[in-house]
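Two complexes, one shared chain (chain A), two partners (chain B, chain C).
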Partner chain A sequence: METVTLTIKNQPTLYLEADTITPDNFSGKKASEIAALHAYEGRDQVTLGKYFEVSGEGGATAEDTRIVVKGNVSRVKYIGMKMTAGEILIEDNPDMYTGAWMHGGKLTVKGNVDAFAGIGMKGGEFVIEGNAGNYLGAAYRGDWRGMQGGVIRVKGKAGSDIGYFMNGGTIIVHGNTDVHVGTHMEGGKIIIKGNAPSKVGGQMVGGEIYVYGGIDVMMPGFKYAQDEELEVDGEKGNFSLFHGDTGERHPKRKGQIVYGKLYLRN
Partner chain B sequence: MSEYLIKNGFVFDPTQGIKGDKADIAVKDGKIVKSTEISSKAKTIDASGKTVMAGAVEIHAHIAGPKVNEGRNYRPEDKLFTYTPKGAGKRMAGGFSIPTTFKTGYEYARMGYTTAMEAAMPPLFARHVHEEIKDTPIIDEGAYPVFGNNWFVMEYLKNQEIENTAAYISWLLEVTKGVAIKVVNPGGTEAWGWGLNCLTIDDPVPYFDITPAEIVKGLIEANEYLGLPHSVHIHQNSLGNPGNYTVTLDTLKLAEKFKAKNKFGREQVLHSTHLQFHSYGGDNWGNFESKSKEVMDYVNTQKNITVDTGCVTLDETTTMTADGPFEHHLTELNHLKWANVDVELETAAGIVPYVYSPDIKVCEIQWAIGLEIALFTKDHMRTFITTDHPNAGPFIRYPRIIKWLMSAEARKERIDTFKHGAKMIEATHIAGIDRELTLYEIAQMTRAGPAKSLGMANLYGGLAPGMDADVVVYDFNPNTPHKPDDIEKAFSRAAYVMKTGVPVVIDGEVVNNGNKRTIWVHAKVNENPQVMRDIKDKFLRYYSVTQANYDVSKHFVPNPYVIEVDAT
Partner chain C sequence: MSKSVTDVICPFCGTLCDDLEVIVSDDGKKIEDIYNACAIGAEKFMHAQAADRVKKPRMQQPDGTYKEVSYDEAVDYTAKMFHKARKPLMYGWSSTSCEAQSIGHEIAEKAGAIVDNTATVCHGTTLIAVQDVGIPSCTLGEIKNRADRIIFWGCNPCHAHPRHQSRYSIFPRGYFTNKGHKNRKMIVVDPRDSDTAKMADYHFKLEQGRDYELLSALRVALRNEPLPETVAGIPREKIIEVAEVLKSGRFGIIFFGMGVTQTLSKNHNIDNAIMLTKDLNEFTKFSIMAMRGHYNVTGSGQVLGWQFGFPYAVDLSRGFARYNPGETTSNDLLRRDEVDAIFVLGSDPGAHFPISSVRKIAKLPSVCVDPHITPTSEISKLHVPVAFVGVEVGGNCYRMDNVPIEARKVVDPPEGMLTDVEFLDRVNKRLDQLMGGKK
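Up next, the complex of A and B:
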């Protein structure tokens, strides 16, 4: 595996939209070719080389390419967008849309990510060692097809509206989240190891939400079903299962109504 | 003094009966002229080995106004990854099924379309429609105000007051700068305000106590009384419901007793739009089947009717119509987001995204029905290609529809990859049709036919001397072997497009924003104090705006082309 290191040298005045920072785009390219890749600052088309020092070179394929992003990238959006393979390590705190529409590979952020990280994600592994912002693993604005697959793991806490319109895949938050978890969720799994204040599973049609801590205010559309002993994220626990959101339409499977499942750890 | 000579192309022009003969087209000052009328300084465009047609005419699309814009607003996901940055003389443009106004103009022009009609203008929001038309570059545009659920119309027609109806229509066309009488689900949209619908032509409208049949007949009579360029343009009752083809035939038969009366060469008294949505058999989605044969067998015998196809293109799109109840029905079927707007006294609109999937049997059958309507047609001067953009698919798919109509092989390729191909074949006729339309028939369906139906055959849709110089060159040689995809490719990106004598597209790229005009119809009638009083009264009593704020004033229509009609 070849490693490309991007070290930020000039801060953009506006925000930099750098969706070209992916193993797919860097593979088969030398440092100078990578520096010549396009990005947008406002309405101006610029090159990555204007802002980043590039060293190393891409591997033969995306799979053989690893990217390390160093320095203050808090004004850089879209790192890892649509990546299909390979690895990215961001050492600091990137701005919005990190790992958006990611298909595969591994993306690790040492710091925090801003809003819309991993939206529309289809596959791969996305690890955030710090905190995540709002709309983590959500659907794009207006879309009813949110996260489809892959795993997002947040070691810290997450913001509001995570897993909005989620259809598949897994989001694990080790800390607390803000309001609106899994709104309109139709599939997939959200595991919150801390607390979620309120609006958990609103208009949820299918899928599973696990909350280890507490929910301050439950949605009125959830009904207690039974207690279950389950293994979640590699550890066993006892959970109370609630069905919901009963205010929403639900499909039938084999004559049985399929509900969204909300598990509260006992 | 700009002069052009488009040389040596294979010309297809139904207005002159030219079927692919090699000919030169001469242009002087925005008009087609005889080759002898231009000087030796004329700029030559070499079209040898290529197809030459007039600019195409769109007879029915939803491309401007509040409904379209509400679609843009509530579907940001339709724009995702579609934007192109601004370029020389070109604005930033994007969107797929509900493109920006700029993209609308660019994309029509790139396919060789030079005129388009917005198919449903709510009169109250005519200003918004015209603001968007103004911002749609290159193509000439007009808009059809909707009348079929209008309180004035229903009250006058209930008392069979044709003259008053005509006077009201004349007033409304003038204040909204409209082109023709559009009727959407006659009576049904008003009934929807009462939680009801009109699913046959004899269902009475609540309160107004009038039937869809009476509304349609009355409007046809008023249209011919005025002698408008276009006929009544109808979106029929019971759109999109299994078994609706009987309602369709009932409505079409209403035209039988009327005769076209106008000075524009129009022969039909009724244009029935997006016929695909109205040619359904069965009584539920399980036994849903094509009735295109039954419908077209009737249409083929009636010179009084023109139709457009409303072809399903198998895309993710956005449905939008003034047929409010239908959109509610649709959101209950697909559970996707729904927007609904009521337009006081006049009409309403609903919007729902829709994914026509090649893995869903119903969608496959709808795809077949749209094409069957075109393939069963005997006279292609009376059947036009549309997708009821964006309802059955985006207009940018016209080249693909042309490919399917011109190539049985392309249709077979499509059917072979359907998930329910065998069941679809059972419910339709498409697999048994080997007809392949010719370029001449395509020119009838997209140029000469719609222009004649609109009563604008003196301006558009042909290459005869005296007509507007809307000329298109496609990089397609009809006399050499080709693959079906070559057709789609050539029609997607015209090699050369001229709009009223100005080159606007070269090699598939927009090079000039042209001299876009807004077409509207000024129908002069005798003074009618009663109607004027009624209008004043309705504004005082019911409208939320004053009459003075209703009129589309001149600055909304900066470059008008007015068609004059005298019904005094």
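Up next, the complex of A and C:
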């Protein structure tokens, strides 16, 4: 595997839209070719080389390409957008849309990510060692297909609206979240190891939400079904299962209504 | 001798009353009286007559004072600001005509600007919800003639849209509602004892920030599923009773305002309210409508919608339209230092935005186009006074129910004063010259 290292040398005065920073775009390219790739600052088309020191070169394919991003990238958007394979390691805090519409590969952020990270994600592994902002793994505006596959793991806490319109894949948050978890969820799995204040599973049609900590105010449309012993994220535990959202439409299977599942850890 | 101008449109709130009568002096220069308008509408006309009105563009000097400049200089300054900026914000658009909005958008395309309107701080969340789940709506005329179940959720028309209830929603005798308000059941959802709430048959005085739960509870009740004892502080029995009242009507409508669009859950509240409306259509006819504030904020959404596909917060910086509230909305742009110039027309962010955003505006190159002196004009580098749309110049406007109505001119603007359309047109041409035909 070949490694390309990007070290930021000039900060953009506005924000840099750098959706070309992916193993797919870097593979088969030398450092000088990578530095010539396009990015945008406001209406100006610029090159990555204007802002980043590029060293190393891409592998033969995206799979053989690893990218390390160093320095303060808090004004850089869209890192890892639509990546399909390979690896990216971001050592600091990237801005919005990190790993948006990711298809595959592995993306690791040592710091925090801003809003809209992993929106519309289809596959791959996305690890955030710090905190995540709002709309993690959500749908893009107006899209009814949110996250569809892959795994997002947040070691810290997450903002509001995570898993909005989610219909596949897994989101694991080790800390607390803000309001609106899995709103309009149709499938997939959200595991919250901390607390979630309220509006959990509102308008949920299908899928599973696990909350280990507390929920201050439950949505009115969840009814208790039974207790279950389950293994979740490699750990065993006792959970109370609630069915919901009973105010929402639900499909039927074999004459039975199929609800979304909300598990609260006992 | 005075003359009377009839069927005048009120350019103040989204009700866009079209039955005003204005008495004008013989020379057509002075408004003497206004009939049919509410107090706030009449005030708008009278304001145009103020003796201390600014008549020339004013440029801020290094010591903070203002110096009068010519319209030519103002046009040149504005065009140069657009030419130099890499991501200017063009904000406002709610108190002007659709014609002016359209020229503004032409400039925005050339300058790679972001166009945002006042929905960003009021009904923008509604527009997100509409995009997510659609909207079953109707016109105010249908409500007047048919509606017998009226919900006001998080809005207070008694004060914000004073003639709404008398013209459309509660009192008028319509074709199928010939007993006026006696035909109608009125439900108000508001944590406050507002004057609107005092008129209601049912007042749900809910806990603040629990609208989303209460909307869900009504949907649960419609499906005959079990409910907890209280939701948002409202007893279960009351929720079920009101659900029955809604089902038993012939035509219902949910009007909602900023008490629900800008409180906790924001777009999700409206999303759920729209889904409740949809559910109620299983039992009877139901509609839902936003109580839009400024008289032509709806028009701004319409024009942006047909030109770029999105109703507000449209980012044209990369040459194609993008939209993502939370990123391309004015306050987020200002808070995050994402823009390098600001142009304001037809709104007053200096008065309505958080102080942190206002401070950012004060630091940027800025132009404010407004007939009045406002908090925004006082922090802008250039203030350009213009004629009042709907008083001194006509133009197209959209009522809150998306019905277009042509505003009328009743008096002449002061001598030499430009209209929004004329000013924008000149800026557009000057920008063309500066860019030499290319971007």
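Everything below uses one rule, namely that the second predicted complex is superposed on the first by the 266 of 266 C-alpha atoms of A that agree within 3 Å, B and C clash if a C-alpha of one lies under 4 Å from a C-alpha of the other, contacts with A are read in each partner's own complex, and residues count from 1 in each chain.
Simple rule for what comes next: contacts are C-beta pairs under 8 Å (C-beta built on N, C-alpha and C of every residue); 3 or more make two chains touch, one makes a residue touch a chain.
Just so it is clear, the model here is predicted, and its values are computed rather than measured.
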Winner by number of chain A residues touched, once chain B and chain C are compared: C
First, second, both or neither for A:142, with chain B first and chain C second: both
Touched partner set for A:258, first chain B, second chain C, both or neither: neither
Which superposed partner A:219 touches (first chain B, second chain C, both, neither): second
First, second, both or neither for A:43, with chain B first and chain C second: both
Partner chain(s) touched by A:245 [first = chain B, second = chain C, both, neither]: second
Footprint overlap on chain A, where chain B in one structure and chain C in the other make contact: 43, 140-142, 144
Touch list for chain B against partner chain A, complex: 74-78, 80, 85-86, 335-337
Chain A residues touching chain B - in the complex, by the definition given at the top: 43, 45, 139-144, 249
Touch list for chain C against partner chain A, complex: 85-87, 111-112, 128, 131-132, 210, 212-213, 216-220, 222-223, 225-228, 231, 264-265, 268, 271-272, 275, 317-319, 323-327, 336-340, 439
Chain C partner contacts - residues on chain A that touch it in the complex: 13-15, 17, 40-44, 96, 115-116, 134-135, 140-142, 144, 165, 179-180, 183-184, 198-199, 202-203, 217-221, 223, 245-248
